[in-house]
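Per-chain residue numbering starts at 1, and chain names A, B, C and D are given in the order in which the chains are listed.
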Amino acid sequence: MSLSLAAAQTITTAALAEARARKAKPLAVIVLDAGGHPVAFAREDGASLFRHDIARAKAMGALGMGDDTRVLAERAKGNAAFFQSVSVVVGGNIAFSPGGVLIREAGTIIGAVGISGDTGECDELCAFAGLKAAGLDPENSK
Amino acid sequence: MSLSLAAAQTITTAALAEARARKAKPLAVIVLDAGGHPVAFAREDGASLFRHDIARAKAMGALGMGDDTRVLAERAKGNAAFFQSVSVVVGGNIAFSPGGVLIREAGTIIGAVGISGDTGECDELCAFAGLKAAGLDPENSK
Amino acid sequence: MSLSLAAAQTITTAALAEARARKAKPLAVIVLDAGGHPVAFAREDGASLFRHDIARAKAMGALGMGDDTRVLAERAKGNAAFFQSVSVVVGGNIAFSPGGVLIREAGTIIGAVGISGDTGECDELCAFAGLKAAGLDPENSK
Amino acid sequence: MSLSLAAAQTITTAALAEARARKAKPLAVIVLDAGGHPVAFAREDGASLFRHDIARAKAMGALGMGDDTRVLAERAKGNAAFFQSVSVVVGGNIAFSPGGVLIREAGTIIGAVGISGDTGECDELCAFAGLKAAGLDPENSK
């Protein structure tokens, strides 16, 4: 089980289609493989310059800690000192906001998607739409 | 004049189509805007892990020095001490091999494409095919 | 007095045996020598990707500050600005959560063990089990 | 197909047994998974301080470029400017000496072993012995 470029592009395209349907701000979407290496990336016209790095930090943070960034953001609120130190330990490869979502196939983590540009909640919904389009719906794959 | 996501995706798709026609090794393709920020990226199945970073370093190196990496690689042969120091000065954002190609529109640099995975020569030909498909042929745009 | 590979492997093996007895989440365990250099490391199947770096930051942080990370985590709560700056000063070589434990022989620090994967409390108990198995019980060696 | 901790420890133990049989200098041995993340590590008593980092750079370099470091070291001789720039691009995660060996299962890369401490040739022979002990002999797995 691994994450193909074709699946990663399906996720990216569907996530951005969801963003346009929601009239979201311009987004950046990245898909990483299970080892945290980039497979596909797209930044919409008008997205600001940090969106790539934040999207990647969301996806990598989810992979690195083994949980979606929605969960990590909640945990960080209750244990700020630890999670701030983790942020430095991993060289900034983590961002505490929803929108970093693990990709599972038959229960195994095969990658992660990270989205940045609108609210964390909107970013995450676009990620879910991307996964669903690729048949990797997080609700069905755990 | 700026580089749209649509144009960057056309470049990426056409470059990878050329790679398959040439039976190239699995490639990574990145498109950066005029500020050196990623717009689109794709890594083919089976491409090794450094291909993203090398492709990006080719594209960024071209933008950073104002010449395609084919030219920079030639210059580096004749002035190793300087170009090695540049490599460190810019934190590794340059790679001395063909495949980093400036994107011009009406003579203005609007971005760069970087490709890594096969020989530098093959990588560069795939980059040219990508630019041509987007109507940004380097031969016609200087 | 120094920390041998044999002792480091005994610590690692016993710590992971304790983890399995406790049904802990998959862990990463690292043992550093008195100079902070790695002697032994093991990451259990299924442990997430940052566990190596966090385990190492716990062990290095304990060595660097001269106290177990349980103590450092408490101090960080009461002096956030200082400990956040330390985190950056030392390039992320510290993590504020239990599980980084100094290794002493006859009162002299000869290394540290760092564990990450479950709660800090569980990680620390596994570290204690490792030290005890190697005859380096922190309770008896101070 | 993935690389288990059990397999990684078998590789490490057998590589060090080969080293002792050969009366090699003290070695460091690391095993990385397919994404370049550490699974197991051991540094023999008396090994000098950079051995961990060099072993890791050999293993990561092999994974990153998709070839054993024996091959990369040969290529680097003929194209110094490019490979020196790659060294900086990837933040030092590559070392041009034999002893970084890809681990394949049924033709798929599942990780890499890196060894440092004696000559590159000796380091590589110890890596081969490790892979053979784990039933992952590079000769049989391509």
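As a working rule, contacts are C-beta pairs under 8 Å (C-beta built on N, C-alpha and C of every residue); 3 or more make two chains touch, one makes a residue touch a chain.
In this text the structure is predicted, and so the values were computed from the model without any measurement.
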> If you fit chain B onto chain D using the CA atoms, what's the rotation angle, as a multiple of 5 degrees?
Replying inline: 90
> Taking each chain's centre as its mean C-alpha position, how far apart are chain A and chain D in Å?
Replying inline: 32
>> Based only on mean CA positions, could you tell me how far chain A sits from chain B in angstrom?
In response: 26
> How many angstrom lie between the CA centroids of chain B and chain C, rounded to a whole number?
Replying inline: 44
> Residue numbers in chain D touching 2 or more other chains?
Replying inline: 35-37
> Connecting every touching chain pair, does the picture come out as line, ring, star, complete or other?
Replying inline: other
> For each chain, which other chains does it touch, given as pairs?
Replying inline: A-B, A-C, A-D, B-D, C-D
>> Quick check on the complex: what are the chain A residues that touch chain C?
In response: 35-36, 63-66, 79-82, 84-86, 88-91, 93-94
>> Quick check on the complex: what are the chain C residues that touch chain A?
In response: 48-50, 53-54, 57, 73, 76-77, 80, 83-84, 87-88, 91-97, 120
>> Applying the document's contact rule, which stretches of chain C touch chain D when the two form their complex?
In response: 2, 4-5, 8-9, 30, 35, 37-45, 49, 52
>> With touch defined as at the start, can you tell me which chain D residues reach chain A in the complex?
In response: 33-37
